[in-house]
Amino acid sequence: MNGAVTSPSTAEIHAGWALRTRAFASENKLFMAGGLIFLIILLAAFFAEWIAPYSPTKIAFAQKLQPPSLDHFMGTDKFGRDIFSRVLYGAQTSLAIGALVTLGAILIGSPIGLIAGYFGGKVDTALMRVSDVFLAFPPLLLPISIVAAMGPGLVNAMIALAISWFPWYARIMRGAVLRVRKEPYIDAARAMGVGPTKIMMRHVTPNSLTPIIVQGSMDFGFTILAAASLSFIGLGARPPTIEWGLMAATARTQFLEHWWTALCPGFAIFLTVLAVNLVGDGLRDVLDPKHGTTE
Amino acid sequence: MSELVLDINGLNVQFPGLVRIVKAVRSIDLQVNAGRVMGLVGESGCGKSMTAMACLGLVPSPGVVSGSVKVDGFEVVGRPEKELGNLRGGKAAIIFQNPMKALNPFFSAGRQMIDAIRCHQPVTKKEARQAAMSSLHSVHLPDPALLLDKYPHQMSGGQIQRVMIAMALACRPEVIIADEPTTALDVTVQAQIISLLRELATEHSRTILFITHDLGVVASLCDQVAVMYAGEVVETGAVSDVFFNPRHPYTEKLMNTVPRLGQREQTLDFIPGQVPDMGFPPPGCAFHPRCDKATEICKQQQPGYRADGEQHKVACHHAG
Amino acid sequence: MLKYVTQRLIMMIGILFGVLTIAFILGRILPNSPATLMLGDRPTAEQVAKAEEELGLNKPLLVQYALYMGQIVRGNFGQSLRTHQPVLVEIRNRMGATIELTTLAIIIVVLVGIPLGVLSAVRQNSWVDNLVRAGAVGGVAIPAFILAMVLQIIFYGELNWFPIQGRIDSNILLDDPFAQVTGLFLIDTVLAGEWSALKSAVSHLFLPTLTLSIVTLATVTRITRNMMVEVLGEEFVRTAFAYGIAPHRIYFSYALKATLIPMLTVIGLTYGYLLGGAVVVEFVFDWPGLGGFLVFSIVQNDFPAVLGTTLFLSGTYLLINLIVDLLYFVVDPRLRTQ
């Protein structure tokens, strides 16, 4: 036993694994709950065609404005369409919007941030000033203006949102590049003759991945909210697209007497954004554990 | 025999978690008499800082403290928060490691000193200011009046640390606990702070608990020393005894790792192995995996203290 | 100190410049030529060409840009295509409504959200903390328009306690109008001594303000809590505890001062959220403010009005951020002694 360190036995390691997973699950209950809900929503969206009890577009004036019942879980709208089925299909739209816009913003923003951080100097300042300008608009105002200029429509709304969001990711990327540049191992790599692109790829990417994932997961929810809001005002999705915000907008004339026409899609928005935010928060806790406690 | 200012018996500090319990401090005994300077040495993570925190009831949650810590006869363990105001700063004052972060950047040094003083003495602001100034004077800071109005970002690390010492002195505690006060400072500044502390100890008979990992500092400043390893005190006694006649295998090895002037060695000694994970400490004696005198009993039973002479105590089954 | 102020001012102006440029780009470079929009249905090619010449759209882009900037600086935001009034006049007429709404909302949010956040941080992991955090997480996920509709159903549809449209009973404005001194009905009605008008104004304000406040409250509480938690973890807080300073002093004096700076940022940001949220809320409640005007103008293809309103709102936001920046100076000693 001279100088040897006692290592945990195999039994201890396995106990460690199971215990650790259980510990994680119980410490991060919200994350698990959010993840579960999100998974359900995702599956519901994916399998909408099979799950939906009725066609979402079939008009049946005889059934219009019926309250929720066993036949129609969420009632019917003013055209007699089953709201539950429409909500299911709406999930497809919203999840797609969230994913595409967030991805778009990341894909536009990251290279810009990379360039700004890498070249520094005037390029950096210029790019950062531009990003400041984007951030100077109160939220939603910039997308609204862009859509106003481009004409309403879901695609235009998505483009507008992606354009409004990308400066965040440019900043994150730039931050990561600047941080990595200062590290001594970068100098060491350069001294050994490693090319700058390789350095960036090898070291910057993992460093920036975490904040981008965290921000992205939070933005996913906000994007869905923003898109729904735009559709509600009439600037986003237009009929016959099935989108939750649009559904609430069409319900404006009847919702006071027929609450389900607006509140059911509204609840769908709430649940989805909540689930996504819980997952995002959980990811942030996992990836940046010192975030929310004094300990 | 002078009175016991710090009387620690069977102190345990644990941090329960879902996967394991981290035992930062495991049943230690420590006694410091009035007017003495006791050094508490050990590697990072051995529990010395937690011991200091426990003396002031500052162990962060979810830490659980058990055992007994008496500061000037006042039992700290188990006291509710509201009864600790008097103790903190009043009976025991602590100086932390990082001077640059120790003070509130938004208040002047004077404001913070005066606040602290008025917590423990019923004086007016003016009187407190006077007390603060004379305190600053006794730590050899020039222009105390000007300094009181300065903000932390306008002072150097060494200056702030002196201010912290002054603040501690001004509250007139029974014991000053210094948790690695010089680790974050330049070597030259470090020497100045050490000499200041020595002056406080010898000329003003202050009781000091000096926590550090630097053996050289202990040798030049302290009368007594306690060596900690893996949450336990393994050896304690007068500095001259412990340093020149170490009884515990860990202390022995520790002494051997310090290169001495005049010696011509080819390689530096080191202690093989690593400090154990405090969530899963080794059974029996914590040091046994790295000890070359370890036998069966070491793996099974934690050693108690054996006294060698009145002051020199060792926790080892094979103390020589 | 002067240096700091000038620096910030220059930056603000630069950003404002950028904002105007974006507005220009949106207005001129995009496919929907403003001329076509202006002329309504099926203009002939000649009509379009004539309109373009009048608007100066066939001049080189840079010249247009210069002219545009010149106009803006002189306060000429163009004319509303719908009402043919200068956009600035339309804005001025509706400013009061939005200011009233957003100011009330921010007062509520600050008075409720910040203490809640502080309480939550100080009592971490207690039931209070968990409740507040749950509320915040939920609140952030509710779309403003859905909350508005829920409140409308409950407080108007079911209980009929509050109205859901407009700022005041229309018969009051028609039959018994009061002098609109400030544009803020709460103040004007009091000044005029018109108590029934005041009552009407208050009841109309209730639901929109509630909606806007709740939605923003969630974010502010969250951010406050997180910042306070971070501050409480700072070492100087530990020092304060170590010297036995009373906990309430530590929280409300030491820690709070440190939170003040990020808090100012939060308040600035919140105003931004409020301005953005006001658009939707005003739309749902038919509130005659700038937000509603914006949406209405978009639907009517009244592009100068759209741009003008956006510029005005963004400018206000920038101004508030500038004020916040200047306030940093007052609060943070580190900036003062440079």
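Note that the chains take the letters A, B and C in the order they are written out, and that residue 1 is the start of every chain.
One rule holds in what follows: a residue touches a chain if its C-beta (ideal position, glycine included) is under 8 Å from a C-beta of that chain, and two chains touch if they have at least 3 such contacts.
Since we're looking at a predicted model, the values are computed, not measured.
Here the chain at the heart of the shown protein, by mean C-alpha position, is A. The chain with its Cα centroid farthest from the Cα centroid of chain C is B. Taking the mean of the C-alpha atoms as each chain's centre, chain B and chain C sit 54 Å apart. Distance between chain centres (mean CA atoms), chain A to chain B: 49 Å. If you average the CA atoms of chain A and of chain C, the two centres end up 24 Å from each other. Residue numbers of chain A whose C-beta contacts span two or more other chains: 294. Looking at the complex, you find that chain A touches chain C at residues 30, 129-130, 132-133, 136-142, 144-152, 221, 225, 228-229, 232-235, 245, 248, 255-257, 259, 262-263, 266-267, 269-271, 273-274, 277-278, 281, 291-294. Contacts from chain B toward chain C in the complex involve residues 56, 58, 81, 84-90, 93-94, 96, 98, 101-108, 112, 115-116, 119-120, 151, 153-154, 164, 167, 171.
Across the complex, chain A is touched by residues 11, 14-16, 18-19, 21-23, 26-27, 30-32, 124, 137-138, 140-146, 149-150, 152-153, 156-157, 226, 229, 232-233, 271-273, 275-277, 279-280, 283, 294-295, 298-299, 303, 306-307, 310, 313-314, 317-318, 321 of chain C.
By the touch rule above, chain C contacts chain B in their complex via residues 234-236, 238-247, 249, 254, 257-258, 260, 331-334, 337.
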